[in-house]
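So that you can tell them apart, the chains are marked A, B, C, D and E in the order they are listed, and the count of residues begins at 1 in each.
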Amino acid sequence: MAYGYYPGCSSHGTAKEYDISTKKVCERLGLKLEEVLALALPFRNLVLAEKQGLDSIMSTCSACYNRLKVAHETLKRAPEILNRISEIVGEPYNKTLKVIHFLDLISKEFGVEKIKESVMKPLTGLKAVSYYGCLLTRPPELVSIDPDAENPTIMEEIIEALGAETPYWSHKTECCGASFALSRTDIVLRLTNEILKAARFADADCIVVACPLCFANLDMRQSQIASKYGVNYSLPVLFISELMGIAMGMGYKELGIDKHIVSAKDLLKGKE
Amino acid sequence: MVESSQNENIEILTYSEVEEVSGYIGNFDVRIRKKARLVDMKKCTGCGTCYQKCPVKVPSEFDMETGMRKAIYIPFPQAVPNVPVIDKVNCRMFTKGKCQICQKLCQAEAVDYEQEDEVIEDKFGAVVVATGYDLFDASVYGEYGGGRFKDVISGLQLERLISPAGPTGGHIVRPSDGKEPKNVVFIQCVGSRDPEKGFPYCSSVCCMYTAKHAVLLKEHIPDVQTNIFYMDIRSAGKNYEQFVQRTMEQYGALYIRGRVSKIYQRGDKLIVKGADTLAGSQVEVEADLVVLATAITARHDSKELAKILGIPYDQFGFFTELHPKLAPVETVTSGVFLAGACQSPKDIPDTVAAASGAAVKVAALFSGDFLSMEPLVSTIDTSVCSMCKACMEVCPYNAIQEEEITLRDGTKKKQLKVLESVCHGCGACVSTCRSSCIMLKGMTDEQIFEELMAVAQ
Amino acid sequence: MEETKWEPKVVGFLCHWCSYAGADLTGSSRMEYPHNIRIIRVPCSGRIDPMFILRALQNGLDGVLVSGCHPGDCHYQSGNFHARRKFAVTRKLLEYVGIEPERVQFSWVAASEGPKMAQVVKEFVEGVRKVGPNRLFKDERKDGE
Amino acid sequence: MIYQLNADVRNFGKTISQLSDVDIYTCYQCGKCTAGCPIVMEMSHTPNQIMRLIQLGLKEDVLNSLTPWLCAACETCTTRCPKGVDIAKIMDTLRILARKEGYQSKEPNVVNFNDIFLNCIKDKGRLQETHLAMVYNLKTRQFFKDADIGRKLFMKGKISLSSDKIKGTDAMKSIFERSRAFLGKGE
Amino acid sequence: MSRIGVFICHCGVNISSTVDVEKIAEELAKEDGVAFATEYKYMCSDPGQKIIKDAIKEHNLDGIVVASCSPRLHERTFQLCIEAGGLNRYKLEMANIREQCSWVHKDKEFATEKAKDLIKMAVAKVRKNQPLTRFSIPVFKKALVIGGGIAGMQASIDIAKAGYKVTLVERTPTIGGRMAQLDKTFPTLDCSA
């Protein structure tokens, strides 16, 4: 059975490499993806995926995942809202879908233990902190991908399966201010700086993310942060799928990691 | 403690549990299981050699896991009785089948691995329930580390660290590195007044013991700074408010009105992110130690005891009193009284007052040889009874029982009877009876019909 | 009696421990409620026999209110649960016979709920007033007389 | 400042409670929302102050406040609120109400961004990041904002000046129209 | 035919300001089975109780209705009163014409009518009251205290000092409970052992 794959808005733009690496990794693991090329409207996407005969819809973006999951869960709980929205969108929804994130796909559908078998070049010695941001865990009762919304470990488990270390750090679920990316960039810079600072404090070699928005802020803004706060972190930010790809022996360029603004080349030297 | 152990009217059964209670006021039959200590209480001299030499170390429950105890142990040096007990779960004799160090070293030959539980059956006229409380498990607060940070402790853990008989001999140090803390944060209402993660009620003692902690910390560590995040200060008790004021004025505690949203670790410091709603801003404290004022909760197994005793409990598991104002130590089961925090969170003065109250109720009950009972109870007309026993099912007190009588012609017959002393007169049996053979004295069907007729005229 | 001057007459079966005490509190708090109700004290809502309700309506009373402790608060531990179960059946039966559901109401009022008691009586009496005098058994009774 | 509290003091709170389906009076002012909010230092009122102002019925102060516009919707407040108050949803409700009633936001950029964001979805079916950023910069007259990043992204092949065509954009437009008709708002 | 006595209380003006007590007393005296009916300012007072006791003898009453406050307040008072007057204490019924009548209604006419109904109901009921005897059970004078913390210890000591035997059952190996875990206690900071 194929998994519905909703790439979201950024996968063909600022997060191309996430799209590329996700597809490659899934192919390697034998997970079939079927793209749901849809509009940025959660409800309609659920309807479309259902129409396509899929029983699950997987998203790589935590914002998309969050919206889809909230929509799905809310509609499951409130039939009157479902009717109202069905009217607006003009399509019925049978609520049969399973809404999952890429992390769910890897950790729960595929299984962390099996990941270990696919590792060809363990990332020994690499210290990676994982950044979940707000959207993967909040609100916990509706969306959290981890039962412990305050201290999720689902990404850590995958990273450890790849052979890397995951030191404690304090900012895994702090907000980066993504919704103000353009309107109040000053806030984003302040918050992103805090996150980078915490990662540096944890002595991390890189930050691992599972969301294009988180990636965009953390990767793109480092030079602006350097000029505003006077600290040049040059801390590589990697998508979880990229890290998996590297551990599975795929190439740096093959995975699109060369497209990052903060280069991860030195970090991954000898690992690919 | 010593006083109760020396009073000749008091028999103390430690390491024992009440298993079954039947009967009624003035006449309870109780079964108590005296668990095997595996140490003969008569032979043991309390010399302590056994637990000094025992090779197994486990976290001490008494020290709230701030220290270790052995597999054969006394919980604390002043324990009454001063007789060790072997913890079967951890003792090597039971986990691995060999060791016997304590037995070999005991000169009194008191260690007995074969000892078995003893079941005692006794009769009592009254029961006082004083089972106390449990502490809320703060690990549900992921934002406070979920139990992962060694230097985020509970108030009772701090209590053990302050105690001269505690694991550190009364030196207040951080569990993580043994250093003396200089900047300490207290967080109030952890699990209390929090319907989402804990309980909606106020635990009633935390405001005061936190103030006490701030005072004691200052006395132990003169250059310590204490910061207390609170929502309201509840100091309704004699001399309580003055105590809190002294804590602020003389002991330099900084009270910050607001809750804490998150605690995280940075190096060997704990960063506490809170709010000061009075200043209208966020507050960040770089703390060495964080103490959580965890809620008082009902004993985790209070419901089981409630069922044994036939007393009600509230939605949190606290036992329910007969009347919140007029009968606070009595229960609906006559002869069963409540004392202390098993009823609701209480501080020591309230607990002692409740205990003395319960004791007086018992003494009053015992002051006469007989007890006069209200006759407003059910009776069964056995000549009409069809023995369907529906009444037995609805009776909450098991007051209806089956008896066998011998008729004049010598044949035996089973019939139902109401135990007058057990019946509370609720009348559930009357309205359940299918053959209308049960009558509630003072409130018969006929009387109610008459009343209805009178009003309908 | 002329129709315009008709005042409903209802009875309330109140359990001694919760609702009767609640009604006492309504009184000591001086909260007004319709005078139409006559209260009968019973030890527990579990004591109330469906026959009481039936007999009240047969006697020409316009409505019956039954009130006990909140679920879980019963002084006798479980009396109100038995009561609740019984009333569910009674209600069905009465509806079947043709009694308007407004005439028979059940509520849970605690000893501390003085204001609620007043409210319950108010709503109940208004409901009964709306459905008018209880005539169902009237003719039957006349025939019998 | 003196607040005048009248008999209708709870009207505004009731309105907000109704619109948001969150009982505003559940808030007991513990401050945990404020303690965890990442944006507090930019806000004109802390989140708990907003809740308080609503409880006091001070509509003008609330709807003129910067705070709702600066809420990042990270839901830290909602997640940790001991009383289960969905504060993020209240902020959302306040933004909608303020716009509906014609309050001028003191954060026009945020408003502009939200508008452009929705328009982009409406017209293109999905978010086209380049398009979004460019329209935003034009509208807010910050022509060279983030231009350095834009250049880098362009070099990395992450942005292009043409956009993907997604099927069903007509459907999207009609959905927008229908939802407007449904909500009965002209904006 | 039963001989019921009806005693209506004014409760100062608490009842009499809303209920026409004199009128009711007059009317009730005519009811079937009612041998005597009267009203008085405070029935629960000593003179009030004397009226009841005297009337029992004078009118040879076999059942009593006191119309006054809630039975939750004074049922026991009047039970003992009629017992002193020579009647079985369970031959009493009370009509609650204060808490559930005069205090909750304003219209005097309706309140009076309701009060009369309530009293009539009590009369109807008391007619069927049977004399009952209280029964007694033996008391086994030994107390079980469950829990050896501060509450259990205090209760045990107090009961023991009153001269009764106590068995104190504690689940853990030692008594002392939470109290023993504490160092010092507020607000006096004395040691807790």
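The definition used in the following text is that a residue touches a chain if its C-beta (ideal position, glycine included) is under 8 Å from a C-beta of that chain, and two chains touch if they have at least 3 such contacts.
The structure presented is a predicted model; accordingly, all values stated were derived computationally and were not measured.
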- With one step meaning two chains touch, work out the least steps from subunit C to subunit E. 1
- Message: Please report the smallest number of touch steps linking subunit A to subunit E.
- Response: 2
- Query: Whose C-alpha centre lies nearest the centre of all protein C-alpha atoms?
  - Reply: B
- Query: By CA centroid distance, what chain is farthest from subunit E?
  - Reply: A
- Message: Counting C-beta pairs in contact, which two chains come out on top?
- Response: B-E
- Message: Can you work out the whole-Å distance between the CA centroids of subunit A and subunit C?
- Response: 61
- Could you state the distance in Å from the CA-based centre of subunit D to that of subunit E? 63
- Message: So the centre of each chain is just the mean of its C-alpha atoms; given that, what is the distance between subunit C and subunit D in Å?
- Response: 52
- Once you find the CA centre of subunit A and the CA centre of subunit D, what distance in Å lies between them? 24
- Hunt down the residues of subunit E that sit against at least two other chains at once, touch-wise. 117, 121
- Set of subunit C residues in contact with two or more other chains: 38, 40
- Query: Which subunit B residues reach two or more other chains?
  - Reply: 143, 376, 448, 451, 453, 455
- Chains touch one another in the pairs A-B, A-D, B-C, B-D, B-E, C-E
- Can you check the complex and tell me which residues of subunit E touch subunit B? 90, 117, 120-125, 127-130, 132-189, 193
- Please name which positions on subunit C make contact with subunit B in the complex. 9, 11, 38, 40, 42-44, 46-52, 55-56, 59-61, 72, 75-79, 82, 86
- Message: Give the list of subunit B residues in touch with subunit A in this complex.
- Response: 141-143, 145-146, 148, 264-267, 271
- Residue ranges of subunit D in contact with subunit B within the complex: 28-37, 40-41, 45-46, 48-49, 76, 80-84
- Item | Of subunit A, residues touching subunit D in the complex | 8-10, 12-16, 37-41, 44, 84, 87-90, 134, 137-140, 149, 174-175, 177-180, 182-187, 191, 220-221, 223-224, 258-261
